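If you scroll down you'll find the structure; I have some questions about it.
Labels A, B, C and D are assigned to the chains in the order they are written; within every chain, residues are numbered from 1.
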Amino acid sequence: MTARIGVVTFPGTLDDRDTQRAVGIAGAEAVPLWHRDKDLKQVDAVVLPGGFSYGDYLRAGAISRFSPVMESVIAGAKSGMPVLGICNGFQVLTEAHLLPGAMLQNDRMRFVCREQKLRVENAGTAWTTEFTAGQEIRIPLKNMDGRYTADERTLDALEAEGRVVFRYVDTNPNGSLRDIAGVTNEAGNVVGLMPHPEHAVEPLVGSGGTDGLGFFTSILRKLVSA
Amino acid sequence: MSLDTVENAAATPDTPLPWKELGLKEDEYLRVREILGRRPTGAELAMYSVMWSEHCSYKSSKVHLRQFGEKAPQSDAMLVGIGENAGVVDVGQGYAVTFKVESHNHPSYVEPYQGAATGVGGIVRDIIAMGARPVAVVDPLRFGAADHPDTKRVLPGVVAGIGGYGNCLGLPNIGGEVVFDACYQGNPLVNAGAVGVMRHEDIHLAKASGAGNKVILYGARTGGDGIGGASILASETFDATKPSKRPAVQVGDPFQEKLLIECTLEAFAEKLVVGIQDLGAAGLSCATSELASNGSGGMTVVLDDVPLRDSTLSPEEILMSESQERMCAVVEPEKVERFLAICEKWDVIATVVGEVTDGDRLEIFWHGEKIVDVDPRTVAHDGPVYERPLARPEWQDALQADDANKLPRPADAAALKEQVKRVIGSPNQASKAWITDQYDRYVQGNTVLAQPEDSGMIRVDAESGLGVALATDGNGRYAKLDPYTGAQLALAEAYRNVATTGARPLAVSDCLNFGSPEDPAVMWQFSEAVRGLADGCRQLGTPVTGGNVSLYNQTGDVAIHPTPVVAVLGVIDDVARRTPVAFAEQGQLLYLLGDTKEEFGGSAWSEVIHEHLGGLPPAVDLERERLLGDILISASRDGMIDAAHDLSDGGLITSVVESALLGGNGVRLVVPEGLDAFTFLFSESAGRAVVAVPRSEELRFTDMCGARGLPATRIGVVDGDAVEVQGEFALSLGELREIHEGTVPGLLA
Amino acid sequence: MARVVVDVMLKPEILDPQGQAVQRALPRLGFEGIADVRQGKRFELEVDGPVDDAVLARVHEMAETFLANTVIEDFVVKVES
Amino acid sequence: MARVVVDVMLKPEILDPQGQAVQRALPRLGFEGIADVRQGKRFELEVDGPVDDAVLARVHEMAETFLANTVIEDFVVKVES
């Protein structure tokens, strides 16, 4: 039996099909979830994919966070269900207060699309066990509102508790504080990051690398061995 | 004015109407009266005036555009030709592809962000209206001089608008152009193209048939966008000078459009749609008259049912409104409920506003009164057609006599090196990454190639690896020197760019940007360019499937360079075989394919070093282009080459530097016998490409070129970390990178 | 130091997708009775020295030429007390 | 119908690149003497019926939970006269 991984579609979500494909390539079963449905269809984990849900109007993720599906995702996350938020999904997770901090417009005030080098700082979360701490990976990054921000106390606590999961290397593309590209919650089941692992799972398309596959094989291994 | 009904119009033949203010000529207005057998109502006048405008009726260009059909090469790939929202070509395995380029030049000068954004929105709706899922966009752009202050206003806004809209729709941007030239100072060209994919059986057309079928308007509410003219009709006095409260600028809502895409595709998948039409220029006037005239029956529309953003709109204004993000579908009565449910699922407002009838009239009602009663064909298809006078400009001979080949050339190796640096760092040849990094090229997960590759490439089928490639090109400097040849060079370059990546060119779309058709010189340029493109497409076997004409691109009496932008679509059986631009492996051999002659007319070198435009553009040999393309495609399919880059403006040195920088590998070049270093590096002869050949494939590759008669000259090797021209100069990759990548950010940041 | 505020709003006849998205979300969040929402920008300018008519005139010009895009936006200049 | 305005500004300790970009551009445009610029959002809500304390309390809640992200933003609710 393989793991069932839910992929949520909000109005304006863009990378849902790509994320489903990535889940499938990793060997898990992708289960589409619709924002108006509270029913999580007994999935073992949930991915909130990238895009511009509700056009990113008001603030990125601010409107989606109040959708019916999020009530169930929030409840699930609090009881240990693994949740991964990619880009817009990360923004939704911060707006829903499942992850600390908030996302602001890039310091350069332009959309940025590039291949980004990251360092994996925490290989112990539900979504990163296939990596090793300190490993450098390359995956695409594309966002308008990717500047991770939190107050100093929160940032210090995140560092102290090892909850910074990914850091930008060489270039900080959006002005994120302390080069933070991704964080996790205290329990390590909820992870959010700005770059897009689902665009780096096949050699031929996307950025051409397969460094993103590790996210999906990590969760699969965890769920299947559990 | 009180409501101007059909009855009222018949009874008051002498009521003066503001036809002039709405842009109609007197004879055109008289034609309308003749067609109707009475004076038009205000609403009818509104419809005729927008539908008979240059933009909607192609009245000046029609007689020339016919050649695209008359000269069209026989092609089994063509499924839907010119005349529909976009052409459709067969790419095999049951897939069909639709693509088109359009202009949003004037709005983008007034309000760069929104003008460009709504341009993307409009072209994407054309693609959805054919039944296809949009899979990529491209954006051929032209701006005034790079260092002009207004370029700093226009360019960042245009780029942010294209990105803001396209990124939010989830469409990868896979290519385009950025050209700077003072001739576009008051008339930037903002062209946008889109590609869509569907199965053959999903092709949809804009027609309303089947009496009793419902006409559903869905998407955004209708506001007073872009109806400056119609507001005159709504006022008591027909006073055109009265300030209008109607917005002159449309604001795009890409989120709404994304929902429109998803709900339209879902309705298609459930086979709920009989006919469909997007609402673009001329809004409901266009959608209703085109749907009705392409179908078998007539249509009634109740305007009171149109959802409004502004309740003060008059019926004339509603008919003319160009509010964005709206579509119109014809649906069988028993399927209406399901159609509305899908719209509700996606939070899209949808309203039944009319019905297909078995008559042949388009009848529109307001407050229970009939305000339009016309034969829809007369609105949509029987607009005026002009044979505008044309005359070869009297300056053309002098321009061509001002031979660029006679310009002073660099005196020694040091001067040559200096000029290489200047050309590589010139705004037109420099890296456009500052711009293209603002576009999402990864979304949808099928992007095989995107900028700065020679063409964009999208995987269509993950199982088989089937893919499509798209490139757009145009060179206004060449076209100014000779519009016929210039159009063919644009075609040749786009064709070559597609073939260079390993895809087989299939079909063409175009966007023809010119000055005023009322100027005989411009009309001559236009007719020559169309003739050149049509002849070229026939010779290359790539039919024109559709396109767009943008006229009146001029400031005062001064027209832009004639700028035909040509898009070529190609197909590749397996995207794993694509050829990238980057020189990725040290030790590979570099071959120059094609002949290099002394051709500097319109060249980047003449522009950058001498600020010169004169002489003749490079000669075109389309048979040679076809042979070059065949070789590049075979070599890619059989794994004989690892990289290829076409040569165009900026010559060989520009292409080689780009490939070296992208791969992070240097090159050592040897000037071939019979050529001087200057001509070798800077000539812009057409029909050429440079390829990187693994040593193990050298014999096989040169044998193939030899057997098929394509000149292939070994010019060097991928080696080291500098671009070196033996006996002349060397430039380190680091220095080249600084020059090539620093220019555009330096100008705009 | 004094504060001058420039409020920039889309002209009433211009589509405001952001405001509309907010308005449509409100009922779902349990907030009824809001007939319309428009979203604009607010600039807070800290001015060196006193805010006299000359300063206000300059801020007005700044708003007109730079802070607002008067093709699609209106603006209001206010002194914050 | 009455109008309630919600002004949302980034907290003072949060970097505001938009405001800074405006401030940096001003001298180039010939506007001197502006010590600081902050850019925020302004929401204009048209309320059905009269604006009483209950309505204001609801708008306050709306601002706190939705219109502003209080991790990074402060807000002010005002009745426009």
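Keep this in mind: a residue touches a chain if its C-beta (ideal position, glycine included) is under 8 Å from a C-beta of that chain, and two chains touch if they have at least 3 such contacts.
These numbers were taken from a predicted model, which means no experiment stands behind them.
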item	value
Other chains in touch with both chain A and chain C	B, D
Result of counting contacting C-beta pairs for A-D and A-B, higher pair	A-B
Centre-of-Cα separation between chain C and chain B, whole angstrom	37
Rounded Å distance, chain A centre to chain D centre (Cα mean)	30
Chain centre separation (chain C, chain D; CA means) in Å	9
Set of chain B residues in contact with two or more other chains	253, 255-256, 347
Contacts with two or more other chains, residues of chain D listed in rising order	66-67
Residue list for chain A, restricted to those that touch at least two other chains	54-55, 57-58, 66
Which chain pairs touch, all of them	A-B, A-C, A-D, B-C, C-D
Complex interface listing, chain C residues touching chain D	1, 7-9, 19, 22, 25-26, 29, 31, 33-49, 55, 58, 62, 65-67
Touch list for chain C against partner chain A, complex	17-18, 21-22, 25, 28-29, 39
Interfacial residue positions of chain A with respect to chain D in the complex	58-59, 62, 66, 94-95, 100-102, 104-109, 149-151, 175
Complex contact set, residues of chain B against chain A	160, 163-164, 167-170, 253-256, 258-259, 346-347, 437-448, 459, 462, 575-576
Of all residues in chain C, those that touch chain B in their complex	10-11, 13-17, 20-21, 24, 69, 71-72
